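Before anything else, here is the set of structures, which you'll find just below.
The following pair of complexes shares a single chain, chain A, combined with chain B in the former and chain C in the latter.
Showing the complex of A and B:
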């Protein structure tokens, strides 16, 4: 009796092991449970909480308030006005720069310099830019020395302050991502095109670009999602009650000034949905382009 | 290498380099203004301050109580490093060595916290943490910071573990090593460079992580970057030089670890490693 059950358990174990489940596989469980408990559960909790408003007006009251109060719903437009141009500019500049940098033997110094703003984070960049871009800062001073402008530019406490600080923190990220995609393309493909007499523009347009599109779509999405979540620099460098009142400011105010966590969750959910929409649009557009190997083969 | 010799191509190359150099110069100038300002006595309407002094560091240290803040910062950062290493490396080992049903779904689960920006998931997370009375405490900040770092360690470690030939492990098993012995005596020595690199990056990320700490920290669990934010936010109250001195201390406390980490990893991997493996799946 005992032997037969032990045989059954071994065979059950073997069956599991054949499907790839054994003691080692179970090592994935702690991390999985952690992500489920500290990431997925709060999201679901927040979603449900946003339908239990503190105010009167049924389960959609928070969403109705958001979309009927211009002070709240305008934050979406304000954030998009910052995030979309920043993302487009970063991706458009990152491609030619990455195409050039990949040919350089010693990229390490440049890439290390570019990692600096990412590592230091937005708070430090904002503090530095308050000094640097201010009316007495080096930036306006240099431009005046070169007689490009007559009086100091106003670049802090407005839209441009936030825009520039986003560029400083987001462009290196986009560039390093793009560089990793560009260097992943087999250089032989471009050489072959050059041998057949394609000009630099033709090589880029008909060989490199089609291979880059999937990577660029991912880079665009990740950059956009980051730029859309702009928070500290919009407060410190912008006009947080005016043109740079971005959606994360509205969410933080609801949570920590009005102590209305249901409203804050609703705003966070709206933020997530807008990000998801843009990402989906980009991925749909990407699927219209070529998808395939980025290495040369003997086909 | 292909060489373009037309005038148009040369102009284009010059323009691309000009933009790159202009950008890098601005980044360096932003960092330099903070350092120069923190060392200057009075700086109004001139290129450089009138005279240089180190007094702002002493006053910043006292005004912002940087001693306790730095202590809390590194306490939080090292707890996050230890826990994310423990959770991340074990999970990465399972993900690298076994092919089980639902693996793609689990992979997706680990990718999500890296793709969703901290402020989006931070607010619902803070709500839950405050509900369980963990919000505003040391452990609340640690838990919040683990959300992006555990998946980060997993994604960095999977390719490292995949590189190791499974035959090495099989040989150790043949000679009678148990799972624990195998881990400590065979796998760990080979994985050390990868683990060190990923944990140093976790350290840098945690010290610099503003959003999650801002949303979950209480008065006794603030890290340096959050204190810096509040100082800049109320900048009319204190001298700019004092805030800049604090900013320099913050800069040093992050960059030291970055410089050590860069000995083990290529800078492109800091942003690209996770995303490349996400492409593969």
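Showing the complex of A and C:
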């Protein structure tokens, strides 16, 4: 009797083990608790809160308000106008830079220099840019001194100020991701392509690029999500009531100026849905391309 | 598909050298390769054979000397402008392209018309016997099939020269023998001028028209497989060619080609491979196949048997001389381990080198 019970427990354990579940799996628990407490619970809380509007009009009142007020719904377009070009430019520039950097001997030094802006934080970058690129900043004054321009260039407190600061803060991240994908491709493939007659451009076009597409799609998604959440630089370097009134500003105003946390939650949810849509589109496009090993033989 | 129309007679390496800082990876490699010839670059790892191949392919620049196709100097050309085909050790197939596209890659880069590419790829697929696999991705093929694709990709462009960098070293023993025969067959059919890098003497002997033995970045000996197997010019080449038994000593007498070397308590006779006079330090080297049990005949080498293995048609034994030199020998019957026997060495097949 006892033996049969112990046999049953063994077989249950074996079944679990076959699915890769054993004692070590328990190590997942702390991080799962953390994710539950810091992400899942607040998310569900916010989602439910967004359906309990302070205003009249039923549970969808917040959403109806958002999509009927141009001052609110235009923030989606304003944010996309910033985030999509910034992401595209970052990825497009990151590819050739990464292709070059992978051949450099002092790669680590160069990478460190390029990555430095990540450590500065958006506020510091914004502050520095205000001083440097503002109407009284060195940049405009130097150009005026050299008589290249007659009046100061307007590079802050508008779209381009936010655009530039986003590029500076987001590019290193995109670059690092792209570099890891570029260096992950077996260098033997390029050699093989070269010996079989492919010029540098042909090697990139027919060998490197198709193998990079899946990685670039991921880099695009992660960069986009970062850029879409732009807040400090849109306030400090942009025109927060005009062209750079991004969606996070609308959410912040709802929460901390109107003290309507339900509306703020609704805006946050809309923000999440827009990001998700873009990410899904990119991932669907990625699936049209080859996704698999990036080495040319048995490992 | 024939390469006979390629208008050239020979590929010539003229004192080709390559150094990495102070290290001379290749020193003054001079070699003339006739059209249609199969050359094996043979040597231990680190001897410079892969460096030589990469220099010829253009993947590595030379630091001295020249590479010529007839009178055209090509060592300053980029790899894509040399028009060679290359088979890599790890195949280096493009993982995102079908077998057909992989093979047609070189033709596509040369902007050949699609109809021509299709015909030539079909011919190449037939040549490497992969007709049914054309639409598969490389990842869906076995190692041997991948290597066939790599070979087809290299020869479909009908290059003046095909370079092969240890193409069989990633395959298991059985497949390696199969692919070796396959490479031989393809070469007989195509007559593509080939440089084949390997560290495996069997591969070099069975495939090559001529073998170039490299050591420390320099050519040690060039010859047909037969010449290298029978008459290696130096001790290190001999070791590479299977002369595993060595006796160090001094030349005590010499008559014509025949020299006798005294090695401690006994002396053995062999054929001189280098000019040696009595009194010179020498090493006599002989293959295990040429050392047999003498069964009491006079003049043998007295040894103690340490181990003996049954190999089907014969026995292979390990023995030790009174001076402690290990000898591997072949025998048609077993000898008991621990027993003292006498070994006879065929003087015609033992070679005497300068020590």
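What to note about this one:
Just so it is clear, the second predicted complex is superposed on the first by the 263 of 299 C-alpha atoms of A that agree within 3 Å, B and C clash if a C-alpha of one lies under 4 Å from a C-alpha of the other, contacts with A are read in each partner's own complex, and residues count from 1 in each chain.
Going forward, a residue touches a chain if its C-beta (ideal position, glycine included) is under 8 Å from a C-beta of that chain, and two chains touch if they have at least 3 such contacts.
Not measured: the values here are computed from a predicted model.
Upon superposition of the two complexes on chain A, no clash is found between chain B and chain C, which fit side by side.
When chain A is checked against chain B and against chain C, the one touching more of its residues turns out to be B. Legend: residue contacts after superposition of the two complexes on their common chain; A:150 is shown touching neither chain B nor chain C.
Vectors from the Cα centre of chain A to those of chain B and chain C enclose 90° in the overlay, to the nearest 10. After overlaying the two complexes on the shared chain, residue contacts for A:70 are found with neither chain B nor chain C.
After overlaying the two complexes on the shared chain, residue contacts for A:58 are found with neither chain B nor chain C. Contacts of A:207 after superposition on the shared chain: chain C is touched, whereas chain B is not. Touch criterion met: A:197 reaches chain C, while chain B stays clear of it. Legend: residue contacts after superposition of the two complexes on their common chain; A:189 is shown touching chain C, with no touch to chain B. With chain A used as the common frame, the shortest Cα distance separating chain B from chain C works out to 6 Å. Across the two superposed structures, the residue set of chain A contacted by chain B and also by chain C is 191, 194. Of all the residues in chain B, the ones that touch chain A in their complex are 1-2, 4, 9, 12-13, 16-17, 19-20, 23-24, 26-31, 33-34, 37, 44-45, 47, 87-88, 90-91, 93-95, 97-101, 103, 106, 109-110, 112-113, 115-121, 123-128, 130, 143-144, 146-147, 150-151, 154, 179, 204, 208-211, 214-215, 225, 228-229, 232-233, 235, 240, 243-244, 247, 250-251, 254-255, 258, 262, 266-272, 275-276, 278-279.
Listing the residues of chain A that touch chain C in their complex gives 186, 188-189, 191-199, 202, 206-207, 210-211, 289-290, 292-298. Interface of chain C with chain A (complex): residues 57-59, 78-80, 82-86, 88, 90-96, 105-106, 108-110, 137-139, 143, 146, 153-154, 157, 163, 170.
Taken together, the chain A residues at the contact with chain B in this complex read 19-28, 30-32, 34-36, 38-43, 45-47, 49, 93, 96-97, 100-101, 103, 108, 110-132, 136-139, 141, 168, 171, 173, 176-177, 179-180, 183-184, 190-191, 194, 200, 203, 214-215, 218, 222, 225-226, 228-229, 231-232, 235-236, 248, 251-252, 255, 261, 264-265, 267-268, 271-272, 275.
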